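What follows is a set of structures to go through.
In what follows, chain A forms one complex with chain B and a second complex with chain C.
Then we have the complex of A and B:
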């Protein structure tokens, strides 16, 4: 959280002018959109009669009701304590989101029928590919970061070339190059390992920069103190510098991991049976594209959310020495 | 800060004290420690640090010019001088945080040079206290003190903890052992830093302006800790502007300017009867307020 001022701030959503403005905007928006033919119009039937015949009166009534509901909702949330506010807003957004998908008329039986296979095959493969890449990428990144900070010309040049190359090429190209290009040199790699290799190298290149920035953010005095006590380079790095760099490194690292989890879908072009590949192939024969794609999206979201939770746990763990 | 009455230790100033000095003296009178003051370190004592004709350049700038200095076991040396005179650079050469280019430095019998494989042996025996404390912020005070012995000297954890608590008690903050450095005041942090160095049981302690970053009120608590260390016979090389401390504790005061040692002498002679004009100017500047 930002460092808050001690002066109590006024609640914006309880100011009459703000409520009025909010009301006007929502009313205007829903006057422009015709909702008489939707579920909401059906709900309003007791007031406006047959929705389709209600004409301009129906539209105004619907917009008015929505605007009132919206404003009351916001004002009420304004009274709640911070944690409750966060929870309520989250749940409301989620409900809106699902009601939006409900309009797609998805075939639920089809989803339930294919979900187990999507998880046992697709999710497992995705997690396997991502997790292995994650570990490899971290190892590559830390070595490359140290190389980039070293005074050794060879190490620096190699690391610099590596980050430049793998950050500069689209991940899709890297995957093709490794899977289709390496066999030209006589090295044949299976689809899954080449996918992992491409992901590790690409993500490792991004993470190199994150690690380098993190290590550089640590005060020189820490190096001097460690050195004056006789700590060697490895010990200083492992016990003094990295633990202090981690709080700086973790947020961007969480970012990279989440985006890598989703980038692992690119491996589907190699025919690896991971989540995206299965979602496409299972939906195709019966034209249930949307069902599978939405299900897969939700699964990706859940997996990312798990990573987010892990990230915030780690942040809390490494932030404990900052508490005054 | 109010003036503190200084009662000179035995054999102290013979009445020639400039009246303005009192203001910068933070050290309590040492009248109860007669045995401590001005005890001569015999010339036969082991040489802990020996620097001969040391020169150092930063690029084309010559930071040290032909510095000669011998520190014997049990000796307490204060180095002072205007900023940029090379005092910090000199003591940072003693544990090779900086490299010198010419001359020789021998610490505890080990010669420091460019190609040395293992500076650890030297650094293990040389404690250093920094101006900005440089405690490890991610570790508790206790862990800060235990880390060195455990990681470098392979001392078992229980023993390291005992030693750490002993030295934390020595600097009078055993109750803060489980806090993190940010939770402590500047003076407390600096005392932890001193305890951390002591835990390595060094042969010599280097102090690099240990009180310059502290509030006036906290200076005295750190100086008292250092004085009590000196009383126990610790070999010390101290870069400081605390002239009261120098006068009360030092065996020798060294004045540096432009990378050279301009003058050195016993504190009494140094303060009452400086030989060089540069020293006189410096002392008049620093003692004026």
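Then we have the complex of A and C:
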């Protein structure tokens, strides 16, 4: 069930048919890939002899061992309490992920040498661009959402045109339009402000829809009740509507912020020295570009993880009424 | 070909559509002298021409020349790093005064930019995987060839390279690729080529100097002799400012005459590329 109750039921991963099915699937998948030439093949050397010469027997043996390991793993995890399950699976996935990167043979000294610069120049610029855009986008979104919900045809039309236009164009085109198009009108703005403007307008359009949907999710009875009590617009919003709308608004907002953090990488086409720009260019002269790209990816991931934590805190705060 | 009409052409269309992109006489020079800074467009990933050293300062052949030009004008130098598409599109709106990058003057580009001085003559070659059986460029007839978008190598692959430099020989095309794959940077093309002969690519058309750097960095590649063509690399400025153009031409001529260019080329490339080939 997708909600937690107190009914005790047998754990799915302990049902024999499920374990058998998982075993069959994993076995089939690993029979298809040849792992004899990898580290895992080396580990199996005592059983299958020289990995490269073991042929079909080696492949079957390796797939069998992996399938057994996988099934034992999920059965054991099934015994752990929920929190521990989540933790263990996370750590296992992370370990798999890093062993995958280890296969790239990356030059660690190069990464360590450039990491401080990636952070002091790249991350700082990325955070600066994203944070300023985030604030501007929120302001734009609040105004546009109110305009879209108002009965003023003029305001509605402007807001509707705005969201349609900026949601309908690829962000990269918007960045080019603002950087190259505005100078035709005599307004020459630098790369960083152009990027911030494009990001704010684009993300603002998405957030307008989030705010509008959040506000509209509140039953009209709430508006009617507060009006009958003599509340004005401001008081109704502050005391009645927003406290109920925020739990609806926050999850998609967190989503938008995370995707914006990564969309800020598009500003790199204008030559802004943010994380992606440096990641793309620092390793080029010495042909160490994979190192920089992977490092930058991990940095983006860490930054997004911080936002995820913030989002779940906020959700918990505003979702208090939903907890028993 | 289609890809080439992507961002570069998109960017360029702004330049042509609303404004010819021409600066009025003396405008750029005035700005440079007024602000006491020469803003130069360079790249952080242009190989020996312009890149960042260990302390993340700009170094390279182009960078040194830009600094010397600024010194001869008696102003400070400031570097910016717009993408190549934006540089080649023209219509800079005073965001930078000079673009390095060894731009080859072509007819298309000469409509938007002026080329006051040539400071490098470089060969462009076909690069192949070291297991490849090809021994001369014509062996690549009908093969899959990778190029960087918006550069002369791409124009060569598509047989539409129109040289606009002085005393240019007409280009003779030694092969017609079966398929041209376009990349954002030559490094990604080399990455595809290193996977093996014919896995994703049969050859890459690139600056010989960059190809030699890749080979030095351990890429299993080989440069096909002879080079496909030699082309000059110029300094580019916004079209129309004659005084500024003359000043830059004089500064580069000075460096050429006193042997500075040869010396710098030997230092950064190990070959003297400063003489016409």
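Please note the rule applied: the second predicted complex is superposed on the first by the 312 of 324 C-alpha atoms of A that agree within 3 Å, B and C clash if a C-alpha of one lies under 4 Å from a C-alpha of the other, contacts with A are read in each partner's own complex, and residues count from 1 in each chain.
Criterion: a residue touches a chain if its C-beta (ideal position, glycine included) is under 8 Å from a C-beta of that chain, and two chains touch if they have at least 3 such contacts.
Please read all numbers here as calculations on a predicted model, not as lab measurements.
When the two complexes are overlaid on their common chain A, residue A:170 makes contact with neither chain B nor chain C.
By the touch criterion stated above, A:188 is placed in contact with chain C alone, chain B being left untouched. Touch criterion met: A:239 reaches chain B, while chain C stays clear of it.
Legend: residue contacts after superposition of the two complexes on their common chain; A:222 is shown touching chain B, with no touch to chain C. Of the two partner chains, chain B is the only one touched by A:231; chain C is not.
Once both structures are placed on chain A, no chain A residue is touched by chain B and, in the other complex, by chain C. Across the complex, chain B meets chain A through its residues 95, 97, 119-121, 123-124, 126-128, 130, 132, 134-139, 147-148, 151-152, 180-183, 196-197, 200.
Note for the complex: chain C touches chain A at residues 7, 10-11, 14-15, 18-19, 43-45, 47-48, 51-52, 54, 56, 80-83, 85-86, 89, 91, 93-95, 185, 187, 190, 213-214, 217-219. Taken together, the chain A residues at the contact with chain C in this complex read 113, 117, 121, 173, 176, 179-181, 183-184, 188, 190-191, 269-271, 273, 277-278, 280-282, 284-287, 289. Chain A contributes residues 219, 221-222, 224-225, 227-232, 235, 239-240, 243-244, 318, 320-324 to its touches with chain B in the complex.
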